[in-house]
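Common to both upcoming complexes is chain A, partnered first by chain B, then by chain C.
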Partner chain A sequence: MVLSGLILAVCLVMVCALSLVFGSRSVSPSDILHALSASSDDIAVSAIRLRIPRTVLGLLVGAGLGVAGTLMQGISRNPLADPSILGFNTGAALAIVCSIAFFSLSTPAQYVWVGLLGSATTALVVWAIGSLGPSGPSPLRLTLAGVVISSVLGSLTSAILLPRINVISSYRFWQVGGISGARFDLMMPVLPLLALGLILAFCLTPGINALTLGDQMAEGLGMHVGRVRSLAWLAAILLCASCTALAGPIGFVGLVVPHVARLLIGPDYRRIMALSILIGPLLVVGADVVGRIITRPSDVEVGIVTALIGAPVFVILAGHRRTAEV
Partner chain B sequence: MHIRPLLSLTRFKRAIAAILVLASALFFLGACGSSSQAGQSSQSKASEGQGSFPVKIDHVYGTTSIPSKPKRIATVGWATPDNLIALGVVPVSIQKNSFGKTVDGGYLPWTKDALDEMHVAKADMPKLHDESDGIDVEAIAASKPDLIIGLLSGMTKKQYDTLSKIAPTIAYQEVAWGDPWRKVITSTAKAIGEPEKGKQLIADLEERISKAGETQPAIKGKTAAVMYFDASKLSKFSVYTTSDARPQFLNDLGMETPESIKEDSKSTKNFYKEISSEHADRYKDVDIIVTYGTPDLLEAMRKDPLLSKIPAVERGSVVVIDNDSEMANALDPSALSIQKTTDAYAQLLGEAAAKV
Partner chain C sequence: MDACLLHDSQRHDAMTDLQRIRRAHAIRSLTVTIMLVILLVALALADLTLGHRVYSMSDLVGAVWGRSDEGTRFVILQLRMPRTLIGCIAGIAFGMAGIGFQHLLRNMMASPDIIGITAGANTAAIFGIVVLGLSGMPLACLAVMGGLLTALLVMALAWRGSFDPTRLILIGIGVAAGFNALGSWLMVRSNQWDIQAATRWLTGSLADAQWSDLPILATTTLVGAMLLLALDRNVSTLQLGPEMAAGLGVRVSRVQFEVIIVGVLLLAVATATTGPISFISFLSGPIAAVLVGRGTSALIQSGLVGGCLVLGSDIVAQHLPTTQMPVGIITSIVGGPVLILIMVLMTRRQEL
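Coming up: the complex of A and B.
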């Protein structure tokens, strides 16, 4: 555990360094020094400076999505659970499309709050529907509610988008999911929510460990299943909603990260959670660096790269024996 | 080429041909109750065109043969409806426009004006089909076309195959959405059996453009590029390549293509290329930038640490074409938009050129 954690941490530091050094534009070592110290106004220096918030956002979003995916798979006991399956992304998307189409909002600063609102509202609705019935929220009901709500909201989004080409062109930038336009001033207000979600998630891990044994067993161990599950859901809302608000819907991170952690470290959620917070950023920042390099002078958004890397990884994982041991 | 066999016809055959033309014209009159198209096709020039069919037109998916003079033309994509109308033909079904400024549920302003000037009856106005989610094949089939033209479109092979089952279909010829306007007009004119009219139209438009260019001497010889910036995400932008009609039109107005754009165009067949803003300084050879955008765009570009490194941005020699304006539709020129907007466009370019 300590060893793999250490190795991952070293990798993460290296990827962050790569993220500053390698970009669409090739820069020299002296440019890097200038960017970090003196106040030069050279384009290379400006480019490197813009990569700093971009890398930070990659770290935040990666950590948030990785941990959120772990939480969601834990509380729903569904190895496929991730922000998009449970409706968080589609909710944010619908809210943003409505805001563009009906309220003419157009800046990233506005999208952040609208996306947050849409995501959180959807999560609450999914939770409410998943908790219908005398026995409260069960893993299966939550997943089904998520899938159903997600597809309903998806259709609504298309219905609003289709007749409005102007909206499509604004929306597609957000929808791809990327961290290229990162700005510290946009991140700051969302940061507390993200931090709160992470803290909550780590406090809840022992409970989630118990949940994976089954609701009855967990009750038998003296746990308030309902309370743990709803708090974990709240943490997932905070994490997913803030990440989606900042970077758009980035797929596969929430799905793949817990699986990779599980393969490395086994089924204990305390350990999975601890590794997720390293693997998530590693995946997102790494994918962003790859996206910047492969298509010079263009720039492929991280949401596309994670899907390209994530899909085959997931296929391999799905065929792996240990995937079933959620 | 098509004229030759016509010359060798005997008088007898000519008489039969004439009778056939007349009969078909009469039939068309009776069948449609519309005189606008049939009236034109019964003119003396039309009989010459009629004789030259079948016409063969090459495009990206092969060669399409048009057996006889088309009467009901549906168009897919951009500009072709305008070009047909400028050539005197009213199409039966055209794309519904939802970008820029549109009137009456999806006509471009100058398209509607031209149709009104031709006194097209309400029932004969082109039907609008929606292409925002793929081509609405059913709507096109419902208009019962005998020819479908998509010379300035992004028609896929699959769409081509489907449309070909409805009527002979012409796709784009070289670049999806990007063939030059002269070529599009030439091929459109050929498809309706009026190649001479096409040549005349192009000559008229060229004269129109060069007159507009002459009123703005400052733009002559300046380098200009058409790009796309989005104020809400300035970390990348797009440049339109030399195979796109938009920058070509700037050449028509007397402007040069910057080396940087020529370089970008070498590596792609696409009509545009996406560029990371980290490479903004590649475009220091661009005197004037033309871009679509919102009114706050230039201000946002000037504040951006990377984009402000483009000299044209710094000095403000940027023409921002408002996304919701009529001019936004005119950047990609059609026969009608050229007639209507070239003077205003040249003036905008002239104002930007004054800052160089």
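Coming up: the complex of A and C.
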């Protein structure tokens, strides 16, 4: 546990360093040190200045999404749970498009709250529909509910977008999920929510560990199953929604992270949760760096890179005999 | 052999009962088919006559026989007729392909929209519009190829000696997510006009329907429909379960493979012509099944339901009070909640 934690932490530091060094424009390490220490109007320096908030945002969003995915997979015992698959992003997108088109909101600080409202509502609806049956939410039902609701919300979004070409062009950059426009002042209002979600998640971890033994067993251990589950769901919504609001829909991070952690450390959720908070940022910042390098001089948005990594993982997990039978 | 143990009179009764049930099924199925054809024709006539300018039936007949003025002929024959015909035929293709998949995989959720085939065709089309600057027939071919390749990919990934529906659905969802990511990457990299073209196409629209699209669509739909009908008997046997069907002499994997290929072709050609009109392939099957009742194949009826759904939605889409919408928006907004309702019912009956 300690060893893998250390190795991951070292990797994370290295990826952050890479994230500062590599960009569409190449900058030498000495320039970077210079930029961190002194003030100068050099182009290289301003390039770095842009990359610092971007890296920080990557860390935050990665941690939030990774922990959210772990929570969701833990409480639903569903190895395919992920905010993007379950339609949270489409909910946020619809809310944001509505706010641009009908209430002429224009600043990301405003999008944040609207997006939060949209994804929280969608999350509740998807969860409610997915868990209607007597046996609670099965992976298939929950996934289908997410896909179907996404599709309906997506159509509503296009219905609003189609006649408004100006909205389309500002929306499509938000839509792919990127952290390139990061600014500290835009992150600040969302940070408390993110922090609240993370704290809640870590407080609930022992309870989730007990939940994985099955509801009856957990109740036998003296736990309030319903209370833990709804609090965990609330934490997951807080995390996903604030990340979506900050960076747009970045998919599959929540799906991949818990599985990697489980591979490294085994089935104990306390350990998985602890590693998630390292693996998530590693994945997001790493994907962002990759996205900057592969198509120089333009970027590939981080959401696209994570989807291209995550979709095959999803397919492999879904093809797994045990998963398919849950 | 059991029948030999019955008295002759009992045996006679049993046979007549069976014949009566079969006849009842056939009559119901025929009645439903006739009603659906009448509805489809009525919707087509409404689609042709209603619009910015409303024409009478005699205008319509006049235009077809070349006895009306130039303007009327142009509007009816060049603007409205291709739209109606393409909507109708594409709807039939969506409906038949949809029930083909659902029937084959014995799961209502196994419709092409959900298992990634539509997403593959869409991404290929975006690539065609944005990167290659294609339109018309070449674009359609590319979308067909995209749909076919995606279907093969999903099948290859889900294949473990046979197709387990749950696995196929989940893998399809994953593959679809990957293609959608590629698609949005392409969209971000393109200019405004390409994006609007791509968005319009992606929502499924009949607005650009032209006579030149018709021959390929009609031929494929006809051939595909006949092939599906020919395969229908084996697919029905498959309903008894793969083991039972194999015991009755059906070559299970081969039938599955054939139905999927024919279904994908039908679907991809229709998608290439109109864009993905969502939920038609999903909804037609269940609706048709309810209409004809249990124990009867609903392949033809599902096609007709598909045609009616597309034409009905297109009439609504063209006459909204505010602005005209692509037909796909209407089908999605109406179809989605129905789909959710079906999911809830299936859950209640523990089928999902």
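Convention: the second predicted complex is superposed on the first by the 279 of 326 C-alpha atoms of A that agree within 3 Å, B and C clash if a C-alpha of one lies under 4 Å from a C-alpha of the other, contacts with A are read in each partner's own complex, and residues count from 1 in each chain.
Note that in this section a contact is a pair of C-beta atoms (placed from the backbone, for glycine too) under 8 Å apart; a residue touches a chain by one contact, two chains touch by 3 or more.
Remember, predicted model here, so these are calculated numbers, not experimental data.
In the superposed model, A:124 makes contact with neither chain B nor chain C.
By the touch criterion stated above, A:21 is placed in contact with neither chain B nor chain C. Look at A:315: by the touch rule set out above, it reaches chain C but stays clear of chain B.
Once the two complexes are overlaid on the shared chain, A:180 sits against chain B while remaining clear of chain C.
Applying the stated contact rule after C-alpha superposition, one finds that A:196 touches neither chain B nor chain C. Touch criterion not met for A:265: it reaches neither chain B nor chain C.
Which of chain B and chain C touches more residues of chain A: that partner is C.
In the superposition on chain A, contact of A:168 is made with both chain B and chain C.
Common to the chain B and chain C interfaces on chain A are residues 162-163, 165, 168-169, 173, 298. On chain A, the positions that touch chain C within their shared complex are 80, 84-85, 129, 132-134, 138-141, 143-145, 147-149, 151-152, 154-156, 158-159, 161-163, 165, 168-169, 172-173, 175-176, 251-252, 298, 300-301, 303-304, 307-308, 310-312, 314-315, 318-319, 321, 323-325.
Only residues 98-99, 130, 132-133, 230-236, 273-276, 278-282, 294, 305-306, 309, 323-324 of chain B touch chain A when the two sit together in their complex. For chain A in complex with chain B, the residues that touch the partner chain are 23-25, 43, 46-47, 49-50, 106-108, 162-166, 168-170, 173, 180-181, 292, 296-299.
Against chain A, the residues of chain C that register as touching in their complex are 109, 113-114, 157-158, 160, 164, 166-167, 169-171, 173-175, 177-178, 180-182, 184-185, 187-189, 192, 195-196, 199-200, 202-203, 278-279, 323, 325-326, 328-329, 332-333, 336-337, 339-340, 343-344, 347-348, 350, 352.
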